[in-house]
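Heads up, there are several structures right after this.
In what comes next, subunit A is part of two complexes: it sits with subunit B in the first one and with subunit C in the second one.
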Partner chain A sequence: MTSFSPGFRGRARPLADRLPPGQYPTEAFPVLSTGPTPHVPTAAWDLTVTTEHGETRRWTWDGMMELPQQDTVQDLHCVTRWSRFDTRWRGVPLDVFLEDLETAAEHVVVESHGGYTTNLPLADLLGGRAWIAHTYDGHPLAPEHGGPARLLVPHLYLWKSAKWVRALRLTTTNEPGFWESVGYHDYGDPWREQRTWGD
Partner chain B sequence: MRTVWRTARLAERHAQTRSGRSLVFTVPGWPGHLPGQHLDVRLTADDGYQAVRSYSLAAPADGDRVELGVQAVPGGEVSPYLADELPVGAAVEMRGPLGNWFVWSGAGDEPVLLVAGGSGVVPLASMVRARRATGSPSAFHLLYSVRGPDELWYREDLLHEDPLLDVRIVYTRRSPQEADREPGRVLPADLRAPTARLEPASPAYVCGPTGFVESVADLLVGLGRDPATVRTERFG
Partner chain C sequence: MADTSDHLDGNCLAGPLSEILALEPTTAWWRCPQCARSGPLAGLHVYGPEPGLTARCPGCAYIALRLVRQGEHVWLTVGGGTGAFRFRVTP
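Right, the complex of A and B next:
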């Protein structure tokens, strides 16, 4: 047996029941993205949902703000290993956007301004587990954190919570998104440490 | 393959700056990597507690030899231990390579822009070294922002006479006497000359602390660079 890192003590042990394996808690809000931050004015913002039959629904910013809003407090887990507890968001649950759609699709491709995409099972966006979030800690969501609005799916690693979201495309086959095509895990459950292909 | 934790033994440690270190590890079974990629380092305490952080690879693939560049962050859990406490000859664990996006493939021949803030120079040094080693015809333009002259990493590689490597240094706090601008953060004027040499499809790689990367990526888009050509890596 080899013993590793002699003399390493580390910090106070974190709250094990809230911290997924391999994560560390932080008070900061680090940023992970692939390129420059898009700056999208709310007047130009819209969200479309398209089914596999081509049925399309569209909301403008004002239309989205008139939908039922929800406040939620969530723990965030980023694949770059930080976790942040008790983050406060306001937004619209995805159930509201997806209600009564005629679809047999089981997958969703989320598309963002700037070209980013990510894929999720449709079921993960339903049941009050996912939001289109526009307010963070009582303030409009900053552009570097995905403002004016981002997807929030806190039960998966944060790359699934696409920033600058503009469209949800329901698909009958699974289409890997941006990170999912270059090595990140297709599903991304932090509690099962699904970071990369093969995890 | 990429999910395996491998034993990595510290072979060499060199000071780059007062708190920046080059660490060379021997990692049997290391599968190789591309310039720009990173890996995870895992430390284990006596009671089994583990801490993991990401570090960029500082040099192109070279068998089981893996070079990192670690900046000791005051009060940090992992970086001060790696920088100054881990004994030469002792082991940690590593997993990788990771990140298939912030990568210079070496395939094209177009000029390339590199912009580094502080220790963000580490993955860019790997690209510079890879270009030199492969004799790629791409010209590299590096803009490197550091606090003062004593904070420069990789002097030998970066200040080495090379017709295909053009290096400009921006000092943010203290500049040497011969510097041609006042100390301060990177401004559009600093990026204008190097971006003027690029082609429309030239990639730009921007790496450093989040605030630095945000600001530089915005400036590049403001100077007309296509956002799809700007690749960023944020250290925290």
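Right, the complex of A and C next:
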């Protein structure tokens, strides 16, 4: 089952309206790294979602691929000031993983292979605005871009779209992640230029 | 650049660390709490520079320090945990 997300609406807008303040457009897809690139075989890949009560859901790679898939075209905005328009992804909306979860948590810590973490509000993963993405431009997502699967939350700066995602931990308190704990913004809205802690 | 196997060596930390440390930092000795390897800061594997510098053990990739420069501030964590020190530096 495939659907197409409403994200492609944005393509009708002029490019100038799609560039957040302080950004420049690029055709490149720069890779920013915080460590060695993890190489995770799909056979060993899984995704867990854990609530504040310790309830855990788990999907294997094959299990994820049996979920409803969605194609989406998105603009990406990196805090290092580049923006890339019309990137094409395929993945599973987070709504599918988080459906009917028994939780009062308002925050999520995303955990990745290699130790990277990022925090964001649970609400920002819902409503068809976030995906577990495994395909980029028609090809399996390359390890340097976060493959086999990464989080994709294009309405926030790209550091929130954690590469090599392996777990989502729902929390009742806000726990700063890898970059958020060294001066980057807890939320990271590119349209409000929420780059650093004080913004 | 930008390939993920790419990293710099710890000598690139000399500039940003000397803004907040009075002593020459690259000869400082560091012992990894995870694999017990030891050596000078200059031998660390450094990833970045954007959005920040992450210095790791050359043996096991454990984080030795992280450093982010934002305007007049330098944020520094020592070790793999969170809890950063923020220094004000004069530009």
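We adopt the following convention: the second predicted complex is superposed on the first by the 184 of 199 C-alpha atoms of A that agree within 3 Å, B and C clash if a C-alpha of one lies under 4 Å from a C-alpha of the other, contacts with A are read in each partner's own complex, and residues count from 1 in each chain.
Methods note: a residue touches a chain if its C-beta (ideal position, glycine included) is under 8 Å from a C-beta of that chain, and two chains touch if they have at least 3 such contacts.
Only a predicted model underlies this, so the values are computations on that prediction, with no experimental measurement involved.
Visitor: Please determine whether it is subunit B or subunit C that touches the greater number of subunit A residues.
Guide: With both complexes superposed on chain A, more residues of subunit A are touched by B.
Visitor: Kindly classify A:Gly22 by the partners it touches after superposition: subunit B alone (first), subunit C alone (second), both, or neither?
Guide: Touch status of A:Gly22: first partner only.
Visitor: Quick check on the superposed pair: does A:His139 touch subunit B, subunit C, both, or neither? Answer first, second, both or neither.
Guide: A:His139: touches no partner chain.
Visitor: When the two structures are overlaid on chain A, which partner does A:Thr34 contact: first (subunit B), second (subunit C), both, or neither?
Guide: So A:Thr34 meets both subunit B and subunit C here.
Visitor: What is the contact status of A:Arg13 with respect to subunit B (first) and subunit C (second): first, second, both, or neither?
Guide: first
Visitor: Please indicate which partner A:Val182 is in contact with in the superposed arrangement: first for subunit B, second for subunit C, both, or neither.
Guide: Once the two structures are laid over each other on A, A:Val182 reaches both partners.
Visitor: Looking at A:Thr196 after the superposition, I want to know if it touches subunit B, subunit C, both of them or none. Which is it: first, second, both, neither?
Guide: both
Visitor: Jot down the residues of subunit A that show up as touching in both complexes, subunit B in one and subunit C in the other.
Guide: Correct list for subunit A: 30-37, 80, 114-115, 144, 179, 182-183, 196.
Visitor: Quick one: in the complex, what on subunit A touches subunit B?
Guide: Contact set of subunit A toward subunit B: 2-11, 13, 22, 24, 28, 30-38, 80-81, 114-115, 144, 179, 182-183, 195-199.
Visitor: Enumerate the contact residues on subunit C facing subunit A in the complex.
Guide: Its residues touching subunit A are 2-7, 47-48, 50-52, 54, 56, 61, 63, 66-68, 70-71, 73, 75-77, 80, 82-84, 86.
Visitor: In the complex, go through subunit A and note every residue touching subunit C.
Guide: By the definition above, subunit A touches subunit C via 30-37, 79-80, 114-115, 143-144, 159, 176, 179, 181-184, 196.
Visitor: For subunit B, which residues count as touching subunit A in their complex?
Guide: Residues in contact with subunit A: 1-3, 7, 40, 42-46, 49-54, 77, 81, 85-87, 90-93, 98-101, 210, 213-214, 217-218, 220-221, 227-228, 230-232, 234, 236.
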